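In what comes next, chain A is part of two complexes: it sits with chain B in the first one and with chain C in the second one.
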Partner chain A sequence: MATRIPLPLILLTIAVYIFLVGPLIIILGAAVSDTTYLTFPPQGFTLHWFQRIFEIGAFRRTIVTSLELACLATALALVIGIPAAYALNRYRIQLPTWLSTVFVLPILVPEIVLGFSLLKSVAVGAALPIFPTLLIGHTLLVLPYAVRVISASLASFDFSIEEAAISLGSPPAKTFFTIVLPNVRSGVIAAFILAFITSINDVSTSLFLTGPGVSTLPIQILAHVEQFFDPVIASVSVLLMLLTVAVMAIVERTLGLTFLTK
Partner chain B sequence: MLKRHIGWWLALPATLLVVLFLVLPVAGTIGSTFGESAGPFAPYLSFFSSGFRRRVLWRTLEISLATTAISLLLGFLTAYVVSRAPRNLKSILIIAAVFPLLTGVVVRSFAWLIILGKNGILNNLLVALGIASEPFAMLYTQGSVIVAMVYLFTPLMILTLVGVLENIPDDLIQASASLGASAGATFRQVVFPLAVPGLIVGAVLVFTGSFTSYATPQLLGGEKQMVMGTLMYQQAMVNFDWISASTIATIMVVITIAIVLLMTRVAKRLNPMAT
Partner chain C sequence: MTQPLSVRNVTAHYGTTKVLEDLSLDVAEGELVSLLGASGCGKTTTLRLIAGFLEPSAGTITLGGRDLTRLPAYKRDIGLVFQNYALFPHLTVLENVAFGLKQRGIATADREKRARAMLERVGLAPLADRLPGALSGGQKQRVALARALVIEPPLLMFDEPLSNLDAKLRIDMRVEIRQLQRANRTTAVYVTHDQEEAFSISDRVAIMNAGRIMQFDTPETLYQRPANAFVARFVGFENLIPMQVVARDGETVNAETAGGAKLTLSRERFGDIPDAFIFAARADGLRVVPGTGEGIPATTGLRTYLGRAYQYHCDTAAGPIVANGPLSQPLEPGSAATLVPVPDQCCVLAAE
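The block that comes next holds the complex of A and B.
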């Protein structure tokens, strides 16, 4: 506040924000346009295109698959990621330093390479069906969020509280759920949300792992755009944006949005 | 026994998942390119001897570098304004950057199809304003891919840098001003050097993200602007040439890891806060 910001910089910031938000408003407009082609500004107003999404079987199926996948992958990543994050903090001396590097690998390896490699060695090599392979891919994709975000919360947790509870006779497992976990609640919520959003929007990992009958929503959108250029795509996009709004409302309620810049 | 190794047991499921389903499969992909009967580096020789593929690699590097440079510039300047904005305005600006970031890649790339298409908003606007006499092809050019990629990554850059810039104390900037430095000089000599580590992190995220992207170049560049990601998909799923796809995958992994390692080194060396 004490620093004065030059006018050109303020104008640039306004321009950047128009650039960031404008295209999303255009999608919103195109989704309610009463035309058979994509156009903006919208001509007329209709919610027909939202209804149309659910009339197309491929969209109905992929919406369900994507939601299932995001829920399962997130849950799985948390179930195995929380103990790992706990171990990395609580038993740091016991564990070698390279172990934390393992959980950076899913970020380091390009997603598209992960998808292709899973296709080669798991879907084809081990003849695993498509859905379980997708689930493995998505769990790997979101695991770093679970481990790293929760690790960051645990780093500021005072483990002497846990020891106090145990020395007072509380069993270790119970102590973990009643003392440790509630203290890193914000980390768990953040990890959950980041993981869910990442999974539901993923293209590069899923790209190679869709087969006859099984696909995810973003892949289906890509396929649809290449054949038809109609407002259905805009209305599906709006649905995904509504999901984002819902997620942001949860973040705002539980953590406050400034959390996201950390 | 169990007690002494409890840390291991707790980390085991997650470690196993990464080793079994990421490390081994990716190692398999990389390894498969060296097992050719034609010689250990045959797939790479064939990749680099093809003018078309060299062009694809070069184009991908060009697009990624341009995207990184532009979003770095826009992101840094915007983040500076956001970090110094009054509290209420700041949270609105942060929400406005988070929202696009949480919206999927496909949705955000698709928006640019509506804008840049032949009957798109921009062409209609240009014709209506009399700037252009007839709509011209903006899609499927290198420019259209770069614009959409900059759109994709600028929010990430803003959010990465707001955190860094917020940590620069106001006192430091005021001290610089009270010692007679102009706003520009303060920005160049105080703010910028302190932000360098953050800029490097942002640049690495954007470069590696755009270098390995698929959806955006596919939608906005198509076959005319093939990049490493789309070429890899074509080789694997259209031509069923898995060795060629694995070769492209290996080149992507090597470049990504090289950039990350190199830049973390540079970031450490340039960090003015480090002793």
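The block that comes next holds the complex of A and C.
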């Protein structure tokens, strides 16, 4: 016999779904509207606004910049974050407790403050070009996520497994790649996705660090909205979502998206 | 293949805390030696030093003449079995067992054959393609054992290997471990806090406390002739009675407890007795006899039934003493009785 689900629960569930999916549907609708202004429900159907994105040079350039930035910042955050998370967990007893807090600090600093201080110190102070400055900013922004998520994965890893491998003749460095890493794979994938999404959607930090000739997609969207009210904004948002989904799909194909089901 | 292990004057620190003090331990070829003690006594530290996961601040460790002291852990060729099994969760049972052979550069076909043969020996051949997550605790420990044995290590070490298993399985597994160890004649070091486990399978046992070995001997000697008060308490001597020698003659020594109870001890049985000493006796080593006579005068208290005897919690001039009496003569609480030592089951120890 099937269990009866109470009506209020059904209604609440529907409401939550509308709340989650509604904005996406509105954006999707507005993106294909055959009007020169943003509107929902869409009037007519056209893919013109998607074509328009690529006719505007600033969008073309910022999409590439944002992708490059997100990929590099995520890669850097993993290269720094995986060893850091490993050391923090492996030597937890020997290390002072404040050390793990250091890696979370960038989350506590408002992103806008992070952006501004980087502008003052790195961009102006050290006179670094725009892209490297952005890369530093985004790496700092996503590193705490990488460290936390991989740490959570390593916290349930039994390090005697590593010792068992070493006792069987596997050198420590090799053991890290053949034994430790495969067992925290889900954490690494989760960290990758979180970091990538955080970077590609970031406005606050990038706002201060972008400059003449180099900008990111969210900043370009902001600049565009200030001047125009056409559905390009909606179509570029759809594109941004598709890009993110594409990255997740690639990561899933290559590494296995097991963390969502675990 | 099997080799003797020698730990010489090893001292170890965790940070500034000294956890092992000038520890020496010799394990003969093919011998199984247990390190026994409460948690924090240094037994696991000793094992980790031998395995190479810790470096001693002084002393040397040699295995069959080869100096291991500064050798990295992965070059030591020591088979390890861990308390929580430490199987590789992402590898199959067969891959787990073959892992050590792979590190030694043995070809795939050969190492699979050898791993399968080892799984056969521990009775797990049908589970070769499972992942460790699908095994029971006992099966996991068998895989861990097979994985450590298949590399034919000159030394095999166990770190509380049975403490996560239920009582019945623990007994089966320890017998199995002992049989495999004897069949291979592998030198073995076995760390445990369980006295019965240590005594039942070891050739010799080192009882440890506060980073030192208190006594290192066969289980029989430890059980019957503890060398000091710590070991006596550890192996279950309920009564440790401080005594003072009052008179000596050729054959016997007369001694007195704090409250004035007297005992006459034969020098033939107890050897040289120092002026101040501890008379150690299990409940079985003091026989409760009704009435007064030669021995420690006592008043019986609570009586419990042990199946083979009655046990009495007695009051004496020397303090409370636990002693056993025959089933034929149950005594009511408050009876006057005498506690007569059974010399074979008593020891004389140096005063603490």
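We take it that the second predicted complex is superposed on the first by the 223 of 262 C-alpha atoms of A that agree within 3 Å, B and C clash if a C-alpha of one lies under 4 Å from a C-alpha of the other, contacts with A are read in each partner's own complex, and residues count from 1 in each chain.
As a working rule, a residue touches a chain if its C-beta (ideal position, glycine included) is under 8 Å from a C-beta of that chain, and two chains touch if they have at least 3 such contacts.
Bear in mind that the values here come from a model prediction, so they are computed numbers and not experimental data.
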item: Which of chain B and chain C A:136 touches, first, second, both or neither; value: first
item: Chain B versus chain C as contact partner of A:179, first or second or both or neither; value: second
item: Touching partner for A:214 - first (chain B), second (chain C), both, neither; value: neither
item: Larger contact residue set on chain A - chain B or chain C; value: B
item: Touching partner for A:160 - first (chain B), second (chain C), both, neither; value: second
item: Partner chain(s) touched by A:170 [first = chain B, second = chain C, both, neither]; value: second
item: Contacts on chain A seen with chain B and repeated with chain C across the two complexes; value: 94
item: Chain C residues touching chain A - in the complex, by the definition given at the top; value: 15, 51, 53, 72-80, 82-84, 86-90, 99-100, 103-104, 144, 147-148, 151
item: Complex contact set, residues of chain B against chain A; value: 4-8, 10-11, 13-15, 17-19, 21-26, 28-29, 32, 74, 77-78, 80-82, 84, 86, 91, 93-100, 102-108, 110-115, 117, 119, 121, 151, 154-155, 158-159, 162-163, 166, 170, 173-174, 177, 183, 208, 211-215, 218-219, 229, 232-233, 236-237, 242, 245-246, 249, 252-253, 256-257, 260
item: Touching residues on chain A, where the partner in the complex is chain B; value: 1-6, 9-10, 12-13, 16-17, 19-21, 23-24, 26-27, 30, 37-40, 80-81, 83-84, 86-88, 90-91, 94-95, 99, 102-103, 105-106, 108-114, 116-122, 125, 136-137, 139-140, 143, 147, 197, 200-201, 203-204, 207-208, 218, 221-222, 225, 229, 233-234, 237, 240-241, 244-245, 247-248, 257-258, 260-262
item: Of all residues in chain A, those that touch chain C in their complex; value: 94, 158, 160-161, 163-172, 175, 179, 182-183
